[in-house]
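These notes open a run of structures that come right after.
In the two assemblies presented below, chain A is common to both, partnered first by chain B and then by chain C.
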Partner chain A sequence: MTVLENIKAKAKELLEAKEVEVVIGFAQGTLPGKCTPYFARTTEEVERFVWQDGCNLNLANYLSKFSGKVGIIAKGCDTRSIINLIKENQVNRERIYIIGANCPSMGSCHNCRHPQGVIADFYAEQVQLNNQDDFSDVEAFEELLSEERKNYFYQEMSKCIRCYACRNVCPACYCKECFVEENLPCWLGKTTDLADNIIFHLTRTMHVAGRCIDCGACVRACPMEVNLSLLNRKLLKDIQELFNTEPGLSLEAEPVLNEYKEDDPQPFLIGGEESV
Partner chain B sequence: MFDYQVSKREFQNWLIKMQEEYEVWAPVKVGKNYTWGSWDGGSFPDEDYQNTLKPPKDLFFPQYEVLLKYKKVKGKRPLIIEPDLPQEKRIIWGVRPCDARSLTILDRVFINKDYEDPYYSHLRKNTVVISLVCQKPGLGCFCKDPLTIEGSDLMLLDCGDTYLVKLVSVKGKGLIKNPVFTADKPINIPMELPANPFNLEIADKDLAEKLEVIYRSPLWRELQEKCVNCGVCTFLCPTCHCFDLTDDQKGKKVRSWDSCMFASFTKQASGHNPRPTGAERLRQRVMHKFRYFFENHGIFACVGCGRCV
Partner chain C sequence: MKNMQKKVVAFLCNWCSYAGADLAGVSRFQYPPHIRIIRIPCSGRVDPLFIFNALKYADGVLVAGCHPGDCHYTSGNLVARRKFALIKSLLDFIGLEEGRVQFDWISAAEGNKFAEVATKVAGEIDNLPQWDGWGERK
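So, the complex of A and B:
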């Protein structure tokens, strides 16, 4: 059986047995090559599922829309976001059934280390892929002069129209009220000037630091093609180097920036390198 | 009928001459996308030019606009400082006909018998719109008439080395006093594309009535399930025009774009939200475009540019 057949068979089984009310997956989108989230509630609807290049949104984002038992077809990124959501008490593990499958959009993220589901109740395919993320893109950027890096970010951030698509597709951005909407006090101006845009993106980046799993949903959702991935990946690289860990891989480990240890590396402090 | 044929070289020279008097805006290629920017005096949209990422809407209705400033004066009423409206005359060229048409839709909102918005109206009056006919539809396009002249002052059709020019408005005709155009005798070329690839109807005339019937349909709940309630579809829409009025801390009264897709759009001071979920928000957007706007103005607030798709 193909992966898609396995997915469909499991989804039908879950719906027929009433183990779940709905299965979250993908269907063919309006435009060629695009896939769109699809919510199957009947075995007939399951037939509309696809699993192909273009199924690249992070479906974990949709779990909070449902209160009952939910099945979800999850690739590596989705499962890592689900782990984070469970750990942060946003999703109840008992309420979800995870159908794991390898990411079908391998072309779009060259460095992906975890295309297969990290946790699942059922794996629709068994192939284990072992990729290595060398962070060569971040390293190349780090090599640039600070002026060049600044100019690059200024150029990217100035494109932003503050539609908040990046925030709204991000499973880590689940705050009921975001700081950008607060108006007493008003943390952030309403302009799309560079200053306001930068405050928005840097604040968001720091807020998802240690929780962002680099699924790239924000980059894909951006209508202006702002490159947000570099900021997120720099933080992932730092986390890797300083704490030797990756977010969203285990249900037990505390997200790295959620806890404090006396021997935490702190090279950003004066004399901090010594403690590394 | 197109009225003139002009070589691109001559058109360029003419436009450079116009730069003495006008700010000239054009689709500017950044990376592989087009965005609105100051024309460099030499570039023409290439064959990859489908449309700009953002419509020209914010050249007339900026995303953030200071309407007035005020100062506290002890013991007196606050001092209100009205802004100087920009005096620059502008030409924006290379506008796709759908986007040019969208301006006539915005006009109905900001310049009507009950009210004329001085900020919008000023920018509209000072601007000449030169549209450029699409030769092939984009993936998401669903416009009804790629040759619509609504909203254009002049209209261009790319014929390789030349442009066919149609004089549309009085404003457009007034602009053509330059030898480049008057030297040639007007020609009469029927307005017909080599092959019209657009054959898409936006909607039926009775759509507004149909929408009224399905106001309470479960369809909205179904449709919104995948919507993440961001502002892409409204911010990129050439006709969406909802805004917020706020006071910033420095004594400015500000108008900025808002979006009916945002949860905060209808949130009231009490905390109550009459549109509590995505279903009501999505319905509002569709209803506004195809029912309420139609009932008020007799047209849909959609030009089929396809950016939301």
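So, the complex of A and C:
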């Protein structure tokens, strides 16, 4: 059986047994090569599922929209987002059934290290893939002169139209009240002035630091093609180097910014690491 | 704009660094007038947004809290420490100068250290190129 047949068979089984009220997956989109999230509630609707290049949206975002038990077809980044959502009490593990499958859009994400599901109740395919992420894109940027980096960053930030698509699509951004919309106090200017854009994006990057799993949803959602993954991936690299951990891989480990060690590195001090 | 006094926003923790600044004052240690102090309950209260927003108006930011192990709330500065490491690295990544945003631990007994740090930070920011306020100041 192919992966898709496995997925469909499991989805039908779950729906027939009334174990779940809906199975979240992908159907063919209206544009060639694009797939759209699809919510199958009957066994007939399951037939519309596809699993192919283009199924790259992060489906974890939809879990909180349902109150009953939900099935979800999850690739690597979906399962890592689900792990984070469970840990942060946004999703109840008992309430979801995870059908794990390898990401069908291989190659679309730079050096994806976890194309297969990290947790699942059922694996639609068993192939284990092991990729290495060398952060070569981040390192190449670090090599540039500081003026070059600043110019590139300012240029990227000036493209932003503040539609907040990056936030809306992000599975780590589930706050009911976001700082960007707060008026009392008004934390952030609402204009598309360069300064407001920069403050928004830097703060957003810090908000998802240690929880962002580099699924790339923000980059794909951005209508202005702002290079958001550069900032997110920089912090992923730092987290790995400074704290030797990677977000969204285990249900037990605390998010990296929620805990501390007595001997955490402090390279930011005025006199350097040893000045205390 | 060019010859105006540079401004440095200093976020000081209530229990250590703010008291350290106070001690610098009562001890009559001199430090430059750049420093504008904002008292915060704990260095753990420093939202990254505070720092990014301060740079819209000021030329530099100093954040200071209790030494690790001395936090009034036991672990506020320890949790903040991880965040500070990321903020510093992110700002460097996008091309900010090394001295623009600085962090240090200053205890309530270190009035002299506060004056030294304030002098050092203000001096470094004076020597940096004119800050553009995130591209808004010409």
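FYI, the second predicted complex is superposed on the first by the 269 of 276 C-alpha atoms of A that agree within 3 Å, B and C clash if a C-alpha of one lies under 4 Å from a C-alpha of the other, contacts with A are read in each partner's own complex, and residues count from 1 in each chain.
Keep in mind that, in the parts below, a contact is a pair of C-beta atoms (placed from the backbone, for glycine too) under 8 Å apart; a residue touches a chain by one contact, two chains touch by 3 or more.
Fair warning: this is a prediction, and the values are worked out from it, not measured in the lab.
Trainee: Both complexes share chain A, so when I overlay them there, do chain B and chain C fit or clash?
Mentor: Superposition result for chain B and chain C: fit.
Trainee: Could you tell me if A:258 is touching chain B, chain C, both of them or neither one (first, second, both, neither)?
Mentor: A:258 sits against chain C, while chain B stays out of touch.
Trainee: Regarding the shared-chain residue A:31, is it in contact with chain B (first), chain C (second), both, or neither?
Mentor: After superposition on chain A, A:31 lies in contact with chain B alone.
Trainee: Answer with first, second, both or neither: which of chain B and chain C does A:175 touch in the superposed model?
Mentor: neither
Trainee: Looking at A:1, would you say it contacts chain B, chain C, both, or neither? Reply first, second, both or neither.
Mentor: Touch status of A:1: no partner.
Trainee: A:238 contacts which: chain B (first), chain C (second), both, neither?
Mentor: A:238 contacts chain C only, not chain B.
Trainee: If we overlay the two complexes on their shared chain A, which of chain B and chain C does A:188 touch? Say first, second, both or neither.
Mentor: Only chain C; A:188 stays clear of chain B.
Trainee: In degrees, to the nearest 10, note the angle that opens at the C-alpha centre of chain A toward the centres of chain B and chain C.
Mentor: 90
Trainee: Which of the two, chain B or chain C, is in touch with more residues of chain A?
Mentor: Looking at chain A, the partner in contact with more of its residues is C.
Trainee: Using only C-alpha atoms, work out how near chain B sits to chain C after the chain A superposition, in angstrom.
Mentor: In this superposition, no C-alpha atom of chain B lies closer than 14 Å to one of chain C.
Trainee: Need the overlap of the two footprints on chain A, from chain B and from chain C, as residue ranges.
Mentor: 193
Trainee: Mind listing the chain B positions that touch chain A in their complex?
Mentor: Touching chain A from chain B are residues 30-31, 33, 35, 53-54, 63-64, 139-140, 225-226, 228-232, 234-236, 244, 246, 248-249, 254, 256, 259, 262, 264, 307, 309.
Trainee: Okay, in this complex, where on chain A does chain B touch?
Mentor: My answer: residues 30-32, 36-39, 61-62, 65, 159, 161-165, 167-169, 181, 183, 186, 189-193, 221, 223-225.
Trainee: Which residues of chain A touch chain C in the complex?
Mentor: 141-142, 146-151, 153-154, 158, 179, 187-188, 193-195, 198-199, 202-203, 205-207, 209, 231, 234-235, 238-239, 242-243, 256-260, 262, 264-271, 275-276
Trainee: Under the stated contact criterion, what part of chain C meets chain A in this complex?
Mentor: Result: residues 47-49, 52-53, 56, 67-69, 75, 78-79, 81-90, 92-97, 102-105, 117, 120-121, 133-136 of chain C touch chain A.
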